[in-house]
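Following are the structures in question.
The following pair of complexes shares a single chain, chain A, combined with chain B in the former and chain C in the latter.
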Partner chain A sequence: MANKSVWSDNRFWQRTATWVTGFAAVLLIWLTFDTSAQISMGTDEDLKQGVTKRVPGPTVINYKIEYLMDAKRGHEIPVIGGKNAEGRSAFQEKEKFFGRDDWTEEEAGALLHLGKLGSQAKNCMNCHTLLGNGAYYAPDLTKAWLDPAWGPEGSLQAMTGKNTKEEAMAEFLQHPSQYPTHERMMPDLGITADEAKGLVAFLKHMSSIDTNGFPRNFGKIQGAVHGK
Partner chain B sequence: MFEPFTDVIPSFFGWLNQGPLTLTIFLHTVIILPMIWIYYQEKKRLENEG
Partner chain C sequence: MASNTLNESKQLATWYFTFAFILFGAQLLFGLVAATQFVMPGFLFEILDFSVARTLHINALVVWMVFAMFGSVYWLLPDETGINTIGIKMGKLLYWIFVAAIAVVVLVYIFVQVGPADETTIWFIMEGREYIEAPRWADFGIVVVALGFVANLFLTGMKGKQTGIVTVLMADMIAFAGLYLAGMFFTDNISIDQYWWWWVIHLWVEATWEVFVGAIAAYGLITMIGAHRKVVEMWLWIEVAMLFGSGILGMGHHYFWIGTPEYWWEIGALFSALEPIPLVAMFVHVLYDWGKTQGAEEEAGNSASVINNKPAFTWFVLNAFGNFLGAGIWGFFHTLPQVNLYTHGTQFTSAHGHLAFFGAYATILIGMMYIAVQGKNNIKVLKNTKSSIWAVSMIAGGVMGMTVALTIAGYVQVLVSRAQMGATWAGYFDGQAGMWFAQGMDWRLVMGLVTFLGFLLLAKDLLTTGKNPVHER
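Here is the complex of A and B:
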């Protein structure tokens, strides 16, 4: 056929489809490995050496965590252990967690594990959102640890009558229905003191994860994007 | 037009995701350009067959 168009030629479309499918497959396999490397948890050694990992090691619960605006990235980033000259994590300043700032990697890991299992057993995600997964019936918990309401001058800490953020959060988790927090009050889920400790550790660790500024407009923090 | 690279860990996918143009240029490079190349190859083949 002398004047057959390429557009109606089967081989042209076959070759195009083969190329696009093959290339996309390679790209997705590469993306899988790239992602696993980026989301793998750091270690205690990384924290001591000042290596910034997207997901820091469990012993990050020994450090002070802040959420500060990063001018270059255009959103807040978790700053662990005080900030250095560039406004990034300095990994220096410690903060006591339930009276200790020397949790070992094993202890902290076990605590986080308990908290993670607890969060699954109590189905936090049924109402809350954790790292983008879950519901918005109740507040987003991804950066809950950094909410100033749980801080020294915060209303939630004052409400529980405790002197530290972690104790206040643990107290609330054990008796949520006693405290008026939200229009939709949290039900009592029978969380034990140990589980509450694990859950608070889990939340503190989660707040140290670099989520590229998610959730957007975590505006309760002064100086945040659209902060109040 | 091009936004500065700001990701935590430099990676190819971080670069790809920086702004709308990086992705567009990338997809045009890997899909449209080879299609043009395949088009002319097939055109030549059809002409030779004809």
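Here is the complex of A and C:
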């Protein structure tokens, strides 16, 4: 038919589908290159030079990490090694991790590697969420390192009888069902002392990742409900 | 469409459907275990913990759907291409390899559960990455099986009549198989890990699987109500354009908070907000074609229904609506970053997950199983039975009930644990202890049981309806 409209032509729609899909795929691939560069893991040199990376190097475990409101960005960001005049990471203030604040790049990297492998081998993600992804049977672990409950005044640290956050977390991970906090408990997953150390390093490292302000207000509200 | 002896490709399809259905049952059973644990935390503690039950729940889900998808393709290929499926012997061999591999993986999940923090665990026990937990050795098995399946589809499609439906399936299935490769590596960097993990999960369920559903719906409309192929295939191409046009970059909504740059807020918000549009279109399409075909019949003085497979068509219509409601509406609820900042990683996601997987995929795949029952038994018009109606009502009602219960629990979690308490350990448990949260979890378990009873009726109907004398032969 001479007057057949292009809008009812299958070939036209097939071409449209091909072009639209191709365009979206190319854009995604292009963005992937940009994002990959931005989320590649930093190095010890970056930390020493004061270079802020979205995912810092493993030696970030030698530093104090905080999660503070950033006026410019309008949400909280990880602040590593104390804050500078602009309220951002100064990379100065160290913090001992299992008694040391001089973990080398190799040592810290090996610890993080062990911890990341452990997080998968123990299937953490099918109870907890990591960066908000996973299951919803247990608390989110994104900023677990910064949870006040593990801090010096925290109930979880007190419960384990340890004097530091990392030792308390490692103790709990090895014998979770010995420290029941609620009727819902974490099961014993056969986590060894070494694996626990790696897992805590993995958690500390994860808390230093710039997650665009997720979760919001983490650890800022104390006793808001019960008026402690 | 039915021939006297079942075509070999269709026979293989029935094998795929059978195993898919068994896994569907396993999915529901382990879901019930996990749901019970929310209500009674001591249930099977340190025997079959929540993490194990949930791994099995979601893996059985993914794998039964993949099986039913492969089955659907083997079923429709001879009808579409007009020739016998090429490489059917290899297809049968791969089927058994696939089944055996899954049996081993499941036994290891149940009896070994976790391993030491080293590469052997990743290779032989589990990878610990939600939805694609299967150990690395099984990944390679899956790739081999998927490649064999894609090869059969391509060889048959290129030799036989390459209809629009077959063309879409060829392009879609190669992307579906290829994307799995993005989930097969280990990295210490959890942001990179999750970036590529979403390439598998999102680009499957919000892109390639959706297009697959479009193609199956097109096939169903042609075979069940005799819709006009040219119209149906034109719709299909429009749907492909809209689904891929929104779904591929809609992946940005998973990149809001995993360490990735802020520009994903805008990209993810925009494109994922567009994702419901094709789902509305698909619903309209199914109803429109139905009305049009029935209307034409009535004008010709024929008042009989144009539907030659009532239960299958019921599931297809439920699919069109459920896809829109579960994936579209429930997805849109929490897709904008302003909302997702608080809803990300809560029962809200779980509510959406339940209704979307059911509405978008379970429904249409069950519909395909009914089409297979019809074809296998040479039935001209397959009618509803009491159990087919009760099954669809109880399953759909049960899933909807679970979704509502989880949504309410999700609200409590979002408001108390997140907004009010700031997402800490203490905040998490404050939310979980809330009365409305607990009630939500109770109702989820009840509705899960309703769903499971519906499943049993569905099993009974699928197994017996083929011999029922009520159908027209």
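The rule is short, and it goes like this: the second predicted complex is superposed on the first by the 189 of 228 C-alpha atoms of A that agree within 3 Å, B and C clash if a C-alpha of one lies under 4 Å from a C-alpha of the other, contacts with A are read in each partner's own complex, and residues count from 1 in each chain.
As a convention for this text, a residue touches a chain if its C-beta (ideal position, glycine included) is under 8 Å from a C-beta of that chain, and two chains touch if they have at least 3 such contacts.
Everything numeric here is computed off the predicted structure, so don't read it as measured data.
Undergrad: Going by the contact rule set out at the top, does A:Ser8 touch chain B (first), chain C (second), both, or neither?
TA: second
Undergrad: In the superposed arrangement, does A:Leu117 touch chain B (first), chain C (second), both or neither?
TA: second
Undergrad: Quick one: is A:Glu183 in contact with chain B, with chain C, with both, or with neither? Answer first, second, both or neither.
TA: second
Undergrad: Looking at the overlay, what does A:Ala149 touch: chain B (first), chain C (second), both, or neither?
TA: second
Undergrad: Determine, under the contact definition given at the top, whether A:Leu28 touches first (chain B), second (chain C), both, or neither.
TA: Touch status of A:Leu28: second partner only.
Undergrad: Identify which of chain B and chain C touches the larger number of residues of chain A.
TA: C
Undergrad: Answer with first, second, both or neither: which of chain B and chain C does A:Arg54 touch in the superposed model?
TA: both
Undergrad: For chain A, what residues appear in both contact lists, the one with chain B and the one with chain C?
TA: 9, 16, 20, 31, 34-35, 38, 54, 210, 212
Undergrad: Spell out the residues on chain A that touch chain C in their complex, using ranges where they run on.
TA: Those residues of chain A that touch chain C are 8-10, 13-14, 16-17, 20-21, 24-25, 27-28, 31-32, 34-36, 38-41, 54-55, 58, 109, 112-127, 129-140, 142-144, 147-150, 155-156, 177, 181-185, 187-190, 192, 195, 198-199, 202, 206, 209-221, 224-225.
Undergrad: Quick check on the complex: what are the chain C residues that touch chain A?
TA: 34, 37-38, 41-42, 45-46, 49-52, 54-55, 113-119, 121-122, 125-130, 133, 164, 167, 186-195, 197, 230, 233-234, 237-238, 240-241, 244-245, 248-249, 251, 254-265, 267, 341-342, 344-347, 349-350, 413, 416, 418-430, 432-433
Undergrad: Using the touch definition from the top, list the residues of chain A that touch chain B in their complex.
TA: 1-4, 6, 9, 11-12, 15-16, 19-20, 23, 30-31, 34-35, 38, 52, 54, 72-74, 210, 212
Undergrad: Which residues of chain B touch chain A once you look at their complex with the stated criterion?
TA: Chain B residues touching chain A: 4, 6-9, 11-13, 30-31, 34-35, 38-39, 42-43, 45-46, 49-50.
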